[in-house]
């Protein structure tokens, strides 16, 4: 009976396993697949990401020159990053922070012309 | 008269405050034994205050009645304890609280609540005789059921009633809802009965049962304290050790079922009590 | 595909399944595949010491299929699933959920039949699942 | 005798997942248990109509978040078989490593939840604490804690660097130590034995007849483990299935506990024998034909039936998950047991309802 | 004074109810992982109570499907005010990768009002903690009952 | 003179009124007779309070010696029983009644040389308490029987009312009881003892169904056994002492004499049969077939109380003997065993019956323990048990007439349809198990008294824990209803309300007045033989070992009660939610959507633990145990 006793007593005297999260943030690992970013200077709006995305959360409108991602549907698999021919898609190491409203990641680029100062705009 | 008032107020006010603190310490200690940091020590008070400020929802208005009844009975028991009244009477009044809690749980038709209530009844069935026997042991040793007389007993009761102290430990474990006896409801709702007995108490009424439980903690630790009533150092050590053992046992054992509880507690408890009582008779 | 495939008919199915049990095979599962608007394939996968054996039953959608749950009790779950998803009817099911194993009334019946919908469900003519989902 | 009818689930603290059991009990003895499913049914097999066969990898990974890696392995194997793709050996070994990491984290998770099912909270905390280390390995090596998404048709997307391998080895050593420290508690504590021994009995013939798989089957004394077929790189590793003969919850617990240690051993072997080379074979074309593939999940045998007709969408994808096979066994275990045993018995098959219902 | 105490306590003692709609378990185990020593959300007074009648915060993981949407509404209704709903993971936010499947209704906000969205697939324990903290804002500002 | 009038009112008026009930077949007149008799009984009993203690001699009635009248009546009675024995072909009854006839004849014609001139009637505080209980509780039950029997017969659709017979026996019973407790001459006592046997037989058989008659015959033979034991005991006593004066026997008790002790043991045996102790419990359980007022009467104020009264009476005589210890153990055993059996019952009336047996067992234990505290406890328990048990039986009867079942499970949520009755029932239950009410007060005394005897205290603590279990369960079940505040006001006949109200209020007030009952009634009864066990001051009962603050606690309880009611009032504004059903509840109350999309009722039934506490499991063992104890008791006196 009470075979667990040595373990719990060890826990009592040893250092606690808890990471005091908000106060003490552990730096993310090198290769973490976090929030999706599109580098507007590189994106050529080819639409490969939209085609390959398993979650179908990216829409690219070539004529209007927009690139939209629904971050709430994104599954962070990184397939789009792997397939992006222009390597404009990257994943940050952090996850997207919680929000109180629906959001989309929206990017307005020049239709058909790249490298023209498109802005990345986020709108709620 | 003034002294009486002081006692009443102490029991009524200090009782739950101390009880709440102890259950806060309990949670921290539990967390530490699990290699966690645990909540702040005032956590039980936050919980209770939050619950008091919640919307009132009931399944049946009798739950409100019973929650108040439970609180009234347990606080009364603690007050009587501070008034140095009759131990047996205090046990009876404490049982009233337990019964009210059960009746309130039975007032809901949820099977979880009902099954919890029955398990609580089985728990009462298990620990009630033990508590009475402990008190009987105290009576045999000191010649009185009155706490006043027990306190003036010249030597620590623990020396004469060691087995009965163990028996009290069984009752304490059941009463504090610690593993392996947290059958009817447990502090953490990870069991087959959801929150068992307390499933359908909610909001302020749940807060009342919490506060009632603090009184119960106080009462039971008071009973433990009687076993070393001759000196406050001994008393403190006894209580601290006992409570630590309770938390430790909670953390090193699985929850058992009521059949095992009834069989084990009665077999062990009654045997130990009998041994100790016979020893007292023959001594 | 690993393992032998034995074609069976509705009349020999239960016998074959029972024989498999006698031979020491464990029923792995049933897979149902819609072949065209009228017929479905039901594959009964069996396993014995890590080798597979399959019974292939090809039946028209309308006809009831004998349940093997009397022989392999565990088949009732898979058969109920097929009942839900393909609208087939199994006769002699050990526990019959009558098409409510997974689906609520709000969902169209037989979501796995892409070619047609079952005639008996014509009182609620649900749109074809494909259109509902949006053609890709 | 009066009957009490208890709706056990779908929302219930001891059930991590929604399944409903209509329990009929007399006093507290169960006389009847009827399940109701469908609370997690999404219909993802039909998503094959909307997603191409590459995208389906991400979908099948989300059949179950606990053994996502192994689902993907099974699916990829099937597609690779249909397309006759030869997977590079290094990828095969990496698949084994991550699969076994998943098995360890799944078993640790289960051991914790199992401890919780009989109210042993501190043991639960202890196992989950160890499990966090595995999650860290997952995150560091693949980029996500749970759904690691490393499989592609023809190999894996990530490789292990030398430094990572070293770190993983040291972590595993610590994990092994930590787990072994709990062996005495999990396998010989009086209260735990009292709650698990003799509960949910399943004899070997019963288990085979009811189609039980995985630790549920092996706990009843049937030595069957799909890893014996030698898929991925298992054929090249030294491996014995873990078997117990008692057929009760305690036996299943022992099987899983020992499998956890066996998995660590497998990873060590795989790392030691890790061949150099490519990790991914480029694939072209589309799958055609039908196939059945099987792998061993933490919960048991997983079977994929894939039928493709040369389109980019599969014609039929059928997933038979281990819990689906274990549910009939569970239903026969319950009657006659006590209400307090329900969580223990239900958890003893390690139910994964999202697998079952897909 | 009492009002302040209660409002403070609400932030200090959020009790969780976790309901798994039709999640793949990924987010569920991350929710559970929050309770365990490494994250130990009991530091914030958070307990997973598993009973809607005791809960302040409803954590929902997974897509809502036709069968469990009623369960979700039932649970939400049984929670006493003030209460907050936190949707966790892509599936709960929008239906995620499954949102086009035939039995899927979509995100949680199609059925009950959602206060906080925690993205991720699955959401990390840290993100869940952040989400709960965000949800506390709502509890703090909620009105007190007319009579205590 | 006053005492004479009052006494004869108490004893003879019922006989007269009973005759009236039989002769006057009008419902109204009968009701009036019952009411008037009841009130007269109550008034006379209360009138006796200032006059006790007193002794009376039964002189002559209509020129005949009362003694001879009683003798003749005795023979008539025994022959009547013999007739019933023949009628219902019960060999045991035949044998036992013949034996009794022979023994009575032997006693009367051969042994008794002279009839005592004085002291045939003796009324001390104990007798007074019994008279009060019989008159007050018994009358109230008879009042309630008026509307009850009307309903009952309407329900049975009888062609011809049998109420005249019913009330004949009911009223007669009260007279017999009063006579019994006032008799000091044991022959008188024996006569009334036999009257109660016959009355109970007639009442149990009242409905004339096959079961009723079967159960009635069983009651008859078991009680005849008691009667036979009694008369054998009497013969022995007469041999030993040469007279049958109860008081003299008690005072001059010579415990050394074996015959004497055996005779007393036989009297105790007779008491056990009357009080339906194990193994004679079956007659009382069988008596449940009778209309509920009969059960109420048998269980509370009459019949079963005969036994405990007799043993409490004899307690000083057996003080310090082995017999006394045996009685204590036997009583404690019955207390525990009956409580255990009650846990296994779902039939409400059976629970009440086992509870009665259990409580009587406790009284026997108190009597056998034979200390001042325990005897006080026993007497108090008689009082409170009478009130509350009568109340509970009447409640169950009322509920039964409404829901057509006496099963506890069917009473689930009866609060919704009969709020007031349900509340009164719950109150009755609360008074059975909770301080500061009288039953618990007596239990407290009993426990403190038994604390010095470890086997007794062990049995009693286990028994009282079981008691809490079956009562609490029942109280909760009555309230188990999901809808709050939606009940309709309940309609019952005035007499029913009156009876329930009077009994519950009576029990509550008496609980409050327990210290005064103690000083005014019990202390005088004790003073002769025992040291006074408690000091009563300021509503607090106290001695060196313990203290029970009756009045302060009652005040606190009352305040708590009022607060709780206030809480209920406020909770009425709370949102009503469905009970927790794992989230799959539907709008229909208590239903959930189960497998196959079917609606299922989430039923929760009480635990009766029939695998442990079922009658089929326990009865044989309990009877065996009790039998062994009885043999030990009788054998030990030799």
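Points worth noting:
Letters A, B, C, D, E and F mark the chains in the order given here, with residues in each chain numbered from 1 onward.
By our rule, contacts are C-beta pairs under 8 Å (C-beta built on N, C-alpha and C of every residue); 3 or more make two chains touch, one makes a residue touch a chain.
Keep in mind the model is a prediction, meaning the values are calculated, not measured.
Separation of chain A from chain F in touch steps, taking the shortest path, is 2. Listed here as common contacts of chain A and chain D: B, E. Interface comparison, C-F versus D-F: the higher count of C-beta contacts falls to D-F. Chain centres here are C-alpha means, and the one lying farthest from chain A is F. Ranking every chain by how far its Cα centroid lies from the centroid of chain E, the top place goes to F. Chain geometry summary: the mean Cα position of chain A and that of chain E are 22 Å apart.
Separation between the centroids of chain A and chain B, computed from CA atoms only, is 51 Å.
One finds 58 Å separating the Cα centroids of chain E and chain F. Chain centres here are Cα means. That of chain B falls 42 Å from that of chain D. Multi-chain contact residues of chain B, defined as those touching 2 or more other chains: 33-37, 55-57, 111-112, 114-115, 188-190, 194, 199-200, 202, 251-253.
For chain F, residues that reach two or more other chains under the stated contact definition are 570, 575, 577-578, 580-584, 595-596, 602-604, 606-607.
Shared contact sites, meaning residues of chain D that touch two or more other chains, fall at 4-8, 10-13, 28, 34, 38, 41, 43, 46, 50-51, 58-59, 62, 120, 122, 124-126, 129, 132, 147, 189, 191, 357.
Chain pairs that touch one another: A-B, A-D, A-E, B-D, B-E, B-F, C-D, C-E, C-F, D-E, D-F, E-F. In the complex of the two chains, the chain B residues touching chain A come out as 32-37, 248-249, 251-253. Listed in rising order, the residues of chain A touching chain B in the complex are 1-5, 8-9, 11-12, 14, 16-18, 20. Those residues of chain F whose C-beta lies close enough to touch chain D in the complex are 346, 409, 581-584, 592, 594-596, 600-611. Chain D contributes residues 1-12, 20, 22, 27-28, 34-36 to its touches with chain F in the complex.
For chain B in complex with chain E, the residues that touch the partner chain are 27, 31, 34-40, 43, 45-50, 52-57, 188-190, 194-195, 198-204, 206.
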